[in-house]
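Next up: some structures, all given as structure tokens.
Next, two complexes with chain A in common: one pairs it with chain B, the other with chain C.
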Partner chain A sequence: MPVLARGDAQIWRRRTARESLTRAFGWLLGLAVFAVCWLMISAKTTWFFVFDAPRIAGDIWTRATPPRWEYITQLGRPIWDTLNIATLGTLIALCLAVPVAFLAARNTTPSALFIRPVALLIIVSTRSINSLIWALLLIAIIGPGVFAGVIAIAIRSIGFCAKLLYEAIEEIDQTQVEAITATGASRWQVMAYGIVPQILPAFAGIAVFRWDINIRESTVLGLVGAGGIGLQLSASLNVLAWPQVSLILIVILVAVVISEWVSAKVRGAII
Partner chain B sequence: MLRLQKLTKTYKTGDQALKAIDLDVPKGQVLALIGPSGAGKSTMIRCINRLVEPTSGAVLLEDVDLTGLGSGALRKARREMGMIFQEYALVERLTVMENVLSGRLGYVGFWRSFLRRYPQPDVDEAFRLLDRVGLLHMADKRADELSGGQRQRVGICRALIQNPKLLLVDEPTASLDPKTSRQIMRLITELCQERGLAAIINIHDVALAQMFVPRVVGLRFGEIVYDGLPTGLTPDKLTEIYGEEDWEATIEKVEEEQEEIEAAE
Partner chain C sequence: MSDVTLDQMLGKSWRKPAFVKNAALRWTLIVGFVVYLIAAYLTIEVDWGRVYVGLDRGWAFVLAFTSPDFTSRWSDIWSGLLESIVMTVAASVVGIAISIPIGLGAARNIAPLPVYMICRGIVAISRALQEIIVAILLVAIFGFGPLAGFLTLSFATIGFLSKLLAEDIEAMDRVQAEAIKASGARWTQWINYGVQPQVMPRLVGLSIYRIDINFRESAILGLVGAGGIGATLNTAFDRYEYDTAAAILLLIIGIVMALEYLSGIVRARVQ
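Here is the complex of A and B:
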């Protein structure tokens, strides 16, 4: 925030001349990088397929409509499996995420030097691998089916839930904890009275948010054989049964919309 | 009853918050601790119940040195000392009743407290205290629905249900309006008298301290520079505690107010 004296008037500018110059150069550099990237991508694209895209898309659209409505009788079970994978996976993940979060939060960890890094490692490693890849691994280990899907969703969600939860724990009002400590409460009582009530809204929000995400993730798990509606989707795609594919997509859409509605309602009720 | 011997606190940064404090608080005495911000008032109170670990020196509560206690014994000792906070420090999402009963946490086991199954005598006492501070009708409200003065009253109940021998009070009126401040100070001093409690009250407002307590201790840069009657706080003394300022207005105001109160009564 430079103030220039010009005569006896004091002039204020947001940035000094040097700062504005640097910023202008930064923008120029960004534009140049964008242009270069555009050229490289363009050179490696087969433009014939791209120009052809609207025609092909139109073709698939005509094949896929109208959806094969009578196929819906075979989708009840798979969509129920999908919901179960998401719900059970979320529940298992939450049970495991709570202790991990308490071990990872700076103000509750028993040892910032040894235990906290382990907890953070668990969070990072489970978060960084997609649930589809977890499912592939787990199918190889425990065989295909719904159970592999549940475990894949659970593992993938631990890191996400634990990370958000430990951030909530670190942001609590410390004086409330002090007040409970000052009454002579034990360590566990301090946790139950001083910390838990403060993070409960965050916990509920995280739980429904993750459940909502997991419904979407579990719809594709069947693609690799881990149960749910994705199994039907991949089977239909393989035999080019487009009217079935469109019906499955509609069912998934409806399920996701309902889950969004539920999670919005639940969040509204708590916060 | 409470004796501080050469109590010293040096923070990791090297700041000496308390420099060998010696203080004696007899049974049933209410004293006000005044001093500028950063003089070590809060640190001193927190060193007594070891929310802050003192660096050296001794804190003797009825001849037991608190500084050497292990965690179990420290919890038992903390039950003897009720604490009241500046920003009330109620657990906002719990009800008034739960907040009051949390003062009994040192006496009940984990599962009883977790399931909110407090012994009936504790519940009776909680109702009695809420009635005493005029909040009986609020027992089922959540703490964050209350006004500042009401919250501080709940804080007082939480401290008293511990059945303490000593109250540690940290800036009880700093976030309250002048009228509520006086009501809260009056309530605290009355309750101390009723129960024969000793209390150390940290307070910014010199006039308020002079109105309600029989003994004032002035702290500056972690050292006691005044210890005596509230009437002994002359402009010179206040300058010694707080630094140069025109003190006549503060002191005169108190005298006028006291006359007003006497006239009103």
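Here is the complex of A and C:
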């Protein structure tokens, strides 16, 4: 036990001297790295603007309030588009994620040596690139519009859904699968009666969870031209129509809160 | 019971129980979903001609992944990547440092009600606003550059980490904390020896996960002028330099994979 001897008395310490020295050195190193990073950010910052920021923020606030409420009549279609992007994107993603997940799960993959790494690569690469970047790419390929947004959301969601789903598949109870196999069921029947019922609640939960995230992401896809309410946001920002911007932000906030509420309710009902 | 003959029982074949038990709710959901799908399909206009024309470009992009061009724009890529990394590190440090006190305040079992309400309010605001929207506002206020991105990521980190930390503290074992309190510890000692050791493994795990997310997010902040690799990527797409864009995407995927691998190791060690 690490103790500190002070005269005769021995005082309990949490760490030995060597341990605390190593830790102090680690902290120092971390601080140094942080300081270097901060200096690099600071060098690229125009500090005059930063000192002026409170005035600018106040200025934007007075311009943005009150929101231009009558503008909401023009937002119906963009909100519908946003909803479509999120929902259809999630659906396509789920259709593609299910086979990927079955190929990636250790207990259902046909070949752990060749197919599993490919499935994992699909999961990692689609997951690590943001939907805005996918949208940027797809706009260059298939042109701006809602369709590019749907595909961008779909691609981005494959990795997320497949990852959670294959973890759920790996955690299933093997005895049920064995019981179905013992009745002489074929490979597909085992899947339909032994595996699918076990992962169905997880699948529904993942679908709703990802739909909630996709609503958030699809609200900003329009910033790069992929349809939805983000188009209105970037148009209003470009002409500095701050009352419209504040209204759009309120609408986005309400949409996000509603989708989160719906997803929490549905997941609560499933689990 | 005697009325039911064996033949009658045999006549009914077994059917899989439905996922949604309530038949009325099940059919409402199915019908509503089909109606929605038809409505969504009718309102999305897809210019198939444009999509067909774009397929060549899409194929060119896929081919670009086989021969990514790291060299010709290396100085741009490097400076963008460095800026992203710097922003990630600085924002993670500041975000984690701020979210620990807020996380303590947002845990109902150790914070008094007024503090709890304030901290939960901060968490709710930070979670409801998306990174990219926050970045737009901060760029408008603080000017272009990595400072806006740094502030955005710090702000987003607070919402994520505080919420999960608070939930972890609320789920901690009371007995250990009470034992420390019974030994006559001050409030700070109580937190340090009673609460902190219990939540530390999860806090480390979550922090590393958040660094991972911050890096991914920093890749898109450049789209709205908040610094990082996103600006370089956007330029590459705009100039149809797919080989450069592919190089950047490969770098992002590589770094994210490395971070995920690292976080796996660290989490396995602390738990």
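In this text, the second predicted complex is superposed on the first by the 223 of 271 C-alpha atoms of A that agree within 3 Å, B and C clash if a C-alpha of one lies under 4 Å from a C-alpha of the other, contacts with A are read in each partner's own complex, and residues count from 1 in each chain.
The rule is simple: contacts are C-beta pairs under 8 Å (C-beta built on N, C-alpha and C of every residue); 3 or more make two chains touch, one makes a residue touch a chain.
All values derive from a computational prediction rather than experimental measurement.
Of the two partner chains, chain C is the only one that A:33 touches; chain B does not reach it. Of the two partner chains placed by superposition, only chain B is touched by A:175; chain C is not.
By the document's definition of touching, neither partner reaches A:74: not chain B, not chain C.
When the shared chain is aligned, no partner comes close enough to touch A:111: not chain B, not chain C. When the shared chain is aligned, no partner comes close enough to touch A:20: not chain B, not chain C. In the superposition on chain A, contact of A:65 is made with neither chain B nor chain C.
In the superposition on chain A, contact of A:197 is made with both chain B and chain C. A count of residues in chain A touched by chain B and by chain C gives the higher number to C. Legend: residue contacts after superposition of the two complexes on their common chain; A:128 is shown touching chain C, with no touch to chain B. When the two complexes are overlaid on their common chain A, residue A:185 makes contact with chain B while staying clear of chain C. On chain A, the surface patch touched by chain B in one complex and by chain C in the other comprises residues 193, 197, 200.
Within the complex, the chain B residues that touch chain A are 49, 51, 75-79, 81, 83, 85, 87, 89-94, 102-107, 110, 113-114, 155, 158, 162, 168.
By the touch criterion given at the top, residues 173, 175-176, 178-186, 188-189, 192-194, 197-198, 200-201 of chain A touch chain B in their complex.
If you check the complex, the residues on chain A that touch chain C are 14, 30, 33-34, 37-38, 40-42, 44-46, 49-50, 53, 56-57, 60, 80-81, 84, 87-88, 124-125, 128-130, 132-133, 136-137, 140-143, 145-147, 150, 193, 197, 200, 204, 216-217, 219-220, 223-224, 237, 249, 252-253, 256-257. Residues 16, 19, 36, 40, 43-47, 50-51, 54-55, 57-58, 61, 82-83, 86-87, 89-90, 93, 128-130, 132-133, 136-137, 140-143, 145-147, 150, 193, 216-217, 219-220, 223-224, 227, 230, 233-234, 237, 240, 245, 249, 252-253, 256-257, 260 of chain C are the ones touching chain A in the complex.
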